[in-house]
Amino acid sequence: MIVAASALAPLPRLLYEPIVRAALVEDLGLGGDITSEATVRAGLRATATLRSRVRGVLAGLDVACEAFRLLDPDARIDAAVRDGEALAAGARIAQIVCDARALLGAERTALNLLSHLSGIASTTARYVAATGGRAAICETRKTLPGLRALQKYAVRAGGGANHRLRLDDAILIKDNHVALAGGVTAALDGAFARAGHLVKIEIEVDTLRQLDEVLAHPRGADVILLDNFTTEALAEAVRRTGGRALLEASGGITLETVAAVAATGVDVISIGALTHSVVALDIGLDIAVPAE
Amino acid sequence: MIVAASALAPLPRLLYEPIVRAALVEDLGLGGDITSEATVRAGLRATATLRSRVRGVLAGLDVACEAFRLLDPDARIDAAVRDGEALAAGARIAQIVCDARALLGAERTALNLLSHLSGIASTTARYVAATGGRAAICETRKTLPGLRALQKYAVRAGGGANHRLRLDDAILIKDNHVALAGGVTAALDGAFARAGHLVKIEIEVDTLRQLDEVLAHPRGADVILLDNFTTEALAEAVRRTGGRALLEASGGITLETVAAVAATGVDVISIGALTHSVVALDIGLDIAVPAE
Amino acid sequence: MIVAASALAPLPRLLYEPIVRAALVEDLGLGGDITSEATVRAGLRATATLRSRVRGVLAGLDVACEAFRLLDPDARIDAAVRDGEALAAGARIAQIVCDARALLGAERTALNLLSHLSGIASTTARYVAATGGRAAICETRKTLPGLRALQKYAVRAGGGANHRLRLDDAILIKDNHVALAGGVTAALDGAFARAGHLVKIEIEVDTLRQLDEVLAHPRGADVILLDNFTTEALAEAVRRTGGRALLEASGGITLETVAAVAATGVDVISIGALTHSVVALDIGLDIAVPAE
Amino acid sequence: MIVAASALAPLPRLLYEPIVRAALVEDLGLGGDITSEATVRAGLRATATLRSRVRGVLAGLDVACEAFRLLDPDARIDAAVRDGEALAAGARIAQIVCDARALLGAERTALNLLSHLSGIASTTARYVAATGGRAAICETRKTLPGLRALQKYAVRAGGGANHRLRLDDAILIKDNHVALAGGVTAALDGAFARAGHLVKIEIEVDTLRQLDEVLAHPRGADVILLDNFTTEALAEAVRRTGGRALLEASGGITLETVAAVAATGVDVISIGALTHSVVALDIGLDIAVPAE
Amino acid sequence: MIVAASALAPLPRLLYEPIVRAALVEDLGLGGDITSEATVRAGLRATATLRSRVRGVLAGLDVACEAFRLLDPDARIDAAVRDGEALAAGARIAQIVCDARALLGAERTALNLLSHLSGIASTTARYVAATGGRAAICETRKTLPGLRALQKYAVRAGGGANHRLRLDDAILIKDNHVALAGGVTAALDGAFARAGHLVKIEIEVDTLRQLDEVLAHPRGADVILLDNFTTEALAEAVRRTGGRALLEASGGITLETVAAVAATGVDVISIGALTHSVVALDIGLDIAVPAE
Amino acid sequence: MIVAASALAPLPRLLYEPIVRAALVEDLGLGGDITSEATVRAGLRATATLRSRVRGVLAGLDVACEAFRLLDPDARIDAAVRDGEALAAGARIAQIVCDARALLGAERTALNLLSHLSGIASTTARYVAATGGRAAICETRKTLPGLRALQKYAVRAGGGANHRLRLDDAILIKDNHVALAGGVTAALDGAFARAGHLVKIEIEVDTLRQLDEVLAHPRGADVILLDNFTTEALAEAVRRTGGRALLEASGGITLETVAAVAATGVDVISIGALTHSVVALDIGLDIAVPAE
């Protein structure tokens, strides 16, 4: 395994505040939260508790709470758990003291973000646990438009590592590139000619024969993506490669199969579903009605 | 049932083009698609086919293809299926003739959008089919930040109807509003005082006793949301209401239980998971390598 | 009358701050307030008083004062009046203590917003007073580009109610829709097929005969817009409708005629001029020159 | 008179397209024009005529028609009148052939812009006519947030000239600047020290005595603003100035008094109400229902 | 000389904060400063000193330090020098106490801005010194896209004056305009017809004969730009003009020749290279590693 | 040498169009190009030639010409040279046929972009030529805010290679990181723990002793940055490294010294001045006045 889990660094506010702001504006429209205006007294402060209703891993607490802060700069947030930590069913995540209308107006936006990101972290953590640390778990570029920075962060919160962030930070030669380039060798030659000295090169192979072509290339590749290989073929690929490149397995790998894949000795396992088919973590906001 | 399926109207390009543009920029970064630049000859045109690998319902074809058009204004798209139509496994969705580098550079963005939106439509359609038309199927405000217009559109593509679009277009009094307002009657009074003449009022009730309070209010409510009721309680609510308000059922309703819920006679069934826990539809792009 | 005035809720800062910011940038250009830089000593603090020179109703104080805050985060604002309250001629609205250059640089932007919004509120209040509470007074979608949220808020500040906020939150079938649909019945059928359960349906009629068509429709309409009806025809429409729908009168209604229109028993009166032909309220900023 | 009317140059599309786009998005919301979707057949094309219901001067036709083009790139616009030209009551302004849903969806946005800008041009033209060309008519910085470029253009369309566009392109020393600077001489000294060689300097005076101070300054001023002077005082100011500076009259000048003001010999008359209290010109869109 | 140096006014934060924010986002991408996350302990605070390694003039300190503030709102900045002041080689500019990761993440953005703007100010100051105050030194519109407000400010910081800020605040008739207008007289006539009363008119001439044409025009011009004149021709132009217009010299003027040009008696000298070919001032950030 | 020059791929329009648009709006302000409006007949078409007045390498032609296209969608551009190609002094770059007002209005924006980017490419090409292909020439992150994508592209056009694009696509451990991490080994350990499998790791060393520490690390580094080494020390570093890592030289390398640096055998030479101190290439636009 080549990618260890470092302590999770928080996402810079500059990268998520515009997303939260836009989400609130999307929800407030032109008229704002008319229900809370109609039913809740102006100026009332309320206390609420974010609570997970199921087990999981937290991700996105700062992001979610930005929604409360944007509607009430005086909102007070006391976090009981931090991103990347495990949540028991029923666990208290944070307490929020806030203007009651702001609390209700921001609630949906906050929960949408928190349950989505925690959903990603929780699933990632299950994959990580299943591999027992023998291979790194990565997401892919199959992310939702506008949410990539957040989704990739959530994968890290779940103990995963990040694949390429976008098209410009690494070369990943896929089957279509190989075909259009006229073969593995031509594709690799083009890649080495284009890549700067800080750009890694990865190439996808579909067969062991293609793997051999890559290994036979004078400069090889930094990473080889073994797409839809059986575990037997993966093991054989590990053997043939002999550490000359990192190996990434991908293609239909599930929680049921990931341990066997990791056992083959590949370095990285990438799972598109981590970000393209997210099951939201069930997190709720319990509001305490102030006694008057 | 009160909400019939009308023919699906396309989403105005003005509403989705900025999302697609931002998604492409998110993926291109500062350097662009360096892999395709390195491996594919400039000026090469290629033909590709969007194909569904599983059964489902299409949503977001225009949205997705905007990605190709933004990178190559001369891209030609020939659609074989339209949004809202069923897809067989293996079905050809559209053929795209496009600059090869643009095709590869836009591929991921296009597929991310199309598989997400078609995933929503497909699941919605299963719920709609399960109810046999006895109740409308709605999503909620549990949408992903920045994607609400697209997600709500995809629900319509799947034969569903839309709930509130945002906080300002209808009043929906939830349990916390009732608590903070000091009861059902006070909350409804506040709502009627605030609502303009084109704003509907819905109120959530958790028990039949609360339902009776709503029904006893001199002006009632346009819609009553029955949250987490058993099917027996739903049926009783339908009986007690006697058509004086529309009834919406919500709370943990699944594909397994939705038919039974619809059979109680409620008008609308809302399903948060339609948009908060989307399973992407497996759609791929097959590129034909041009013979030279 | 069905729409009562509830206490005015403040507009969320998220909805107006970008407008104020853009207005300041529009005015500052690339070089800033060169006159104040040239004539006022850096660091000087000044005290100013916002004062109405005529009678009216205040709207937009927070919005306007955001201009001072954006140029001087330490600006201190002490409001003497709140949005929605009446202003006597000469009334002191607020006192502002602020960096002198910031005060002068923001003055025009602040006054442009405040006098425009207070102009709307003041005129609305005159219509509201003229009806004696017998009908709600509404604006229309005849608003100025980019300012709709503010203008609709100002109508509420003047005691009015809001019509539709935009095209997507209610169905309003106008004469052209009826014509293109092929008649009242077809148009209403289309509307019920498209509308979600939280969308109201209003239809415009030009004659009593058309009104009868609407009333004869099995599902009717939530609101009927009586366009350019004489007061006699309005009264007859009220009689024929018998409470089966809300009735809205529109078309050339003025301060002189609005009382008679309200007396017919219609529920809502809409006035395009409230927002399309606004007379700014004469509000000034008196700056006290500090004795040194 | 020093400012002659040159042929009106069109506003660059780059300056108005974002405003029209934002106005449409403000109106379409997340769901679009649900009424037209519900009542008008997809793909239907319609023909419509923009028509002025009253006399006036046209301004903003390109701006307004951009709304149709943004919803239907194939919209065909045939203009019968050009910006800056007079409109008779009932005059046909332009014919539009367009997708019917796009026509209805863009109608309100187009009319809001066109009637506002034509309202400005029409009122400006009345002031210009009243002066008989003896003085230039200008607007002020009392414009509506975000609309300044359009409003200033409309003044030009009405035969007016433009005052400062914003704070950075000319120095205009007002009474408060004079007071904070410590007098007319100090203020002018500061202005000359700050102004680049392409920046004009104007100073406001409230009395003839202050005028004398300005005239006594070694470098004078390019323009002197005579605020709230009687016509007698204006005439005296013209006499005393003797052409050494341009003179601008402002303060409560109306259509009734403007001719007398112009007759005093001042060069420029500025009217805040041209842009802060606009009466929309009554322009409508008549849609021809296609015979099928 | 007609343009004296007034005390430098700070640029409003509203005008530079979006530029700094965008620069940080451009640098942080989707993943942030992964190096500092990997190597610097979370929560560590560090002290750093901005220091000039060479002689020069400071410009942009607020602008640059905004980068630290945006990543760490608690950053403390103690400035030792102010914009417009001279820097000795090795001079301490400011001390920053800040979260260590934020310090490192913002460092490059801050230095890029500060060294660019101080480079402009430093070069400007050299030109200003070389003229001994006999003529104003101006930049042109040859600025870098998006940075004009900052670059023009830096010229002021260096003791220079500003030329036109953009196309709309002054008329500058160049050779091509003259040619397309059909001559100097026609071009000037057009300019006077278009210019409002606060717009200055400048015209470029390439020969003394063209200068005579301008001087012969009944209304002349406010400023005459003498392009690529020899110093002899400049002196002759000064003589012929006799104070009837300001004179600006431009065209290939360097630090070596500027004194001679200023000695001819022209009022303004404009230097495109001030902003189009900027040599960054060598400024560094020295970080003190905290003893633990 | 490890980075060969591949054929230059054009920058996607999506990445530069917003920059050009913003630059035009910055220049047009609220009033547009009033000089051209005043002096050039509406509708006149003109022909112009972009011409380099000096030797150099072209970069940014598409970017620059976008300015003409944005003001006149019918502009016709015929390019005689392509980005990355050499320009002789006086070389014709492109011919433009365009609305004359648009041509003049866009001229400055187009030239500002083209001369800046070609300046970068030209200087880069000189460095590349000086090394005779023995080492790759790279820029750094010392770019101008908002222009990084363009500047990095211009370096490629000049035959250079790109360093990191931003903070998130590679780890570059600098002296301060080493100091704050507590040494080379700790810093490298942290980097390997954080980096995903597609992220390269570079570390800066200031001495040969530090180099030895890096080489002694069990996992080494992908690239080692030798900062401010003498050529002797560089040669020794090459010897000691023996191909185990790529070596990058940086620090005060000039056109005079770069050949000697390249001769030491380092792989990459990075030059901050390529983008932080750009000398604009002298490119002009000659407009042919149409004979009428």
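Note that the chains take the letters A, B, C, D, E and F in the order they are written out, and that residue 1 is the start of every chain.
The definition used in the following text is that a contact is a pair of C-beta atoms (placed from the backbone, for glycine too) under 8 Å apart; a residue touches a chain by one contact, two chains touch by 3 or more.
Remember, predicted model here, so these are calculated numbers, not experimental data.
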{"item": "Same or different residue numbers at the subunit D/subunit E copy interface, by half rule", "value": "same"}
{"item": "Chain pair among A-D, C-D or B-F whose interface repeats that of E-F, sharing over half of the contact pairs by residue number", "value": "C-D"}
{"item": "Most remote chain, CA-based centroid, reference being subunit E", "value": "B"}
{"item": "Centre-to-centre distance between subunit F and subunit D (centres being mean Cα positions), rounded to whole Å", "value": "44"}
{"item": "Rounded Å distance between subunit B and subunit E, as computed from the means of their C-alpha atoms", "value": "52"}
{"item": "Where subunit B touches two or more other chains at once, by residue number", "value": "6, 26, 28-33, 37-38, 105, 148, 162, 165-166, 168-169, 172, 190, 193-195, 199"}
{"item": "Touching residues (chain side subunit E, partner subunit F) in the complex", "value": "19-20, 22-23, 26-41, 44, 46, 100, 104-105, 108-109, 111-113, 115-116, 119, 141-148, 165-169, 171-174, 176-181, 186-187, 190-191, 193-195, 199, 273, 276-280, 287, 289"}
{"item": "Touching residues (chain side subunit C, partner subunit A) in the complex", "value": "6-7, 9-12, 14-15, 148-149, 152, 162, 165-166, 169"}
{"item": "Subunit B contact footprint on subunit D (complex, rising order)", "value": "21, 24-25, 28-33, 37-38, 42, 70-71, 101, 105"}
{"item": "Subunit E-touching residues of subunit D, taken from the complex the two chains share", "value": "2-6, 136, 138, 161-165, 168-170, 172, 190, 192-200, 202, 222-223, 246, 248, 267-268"}
{"item": "In the complex, subunit E residues that touch subunit B", "value": "26, 29-30"}
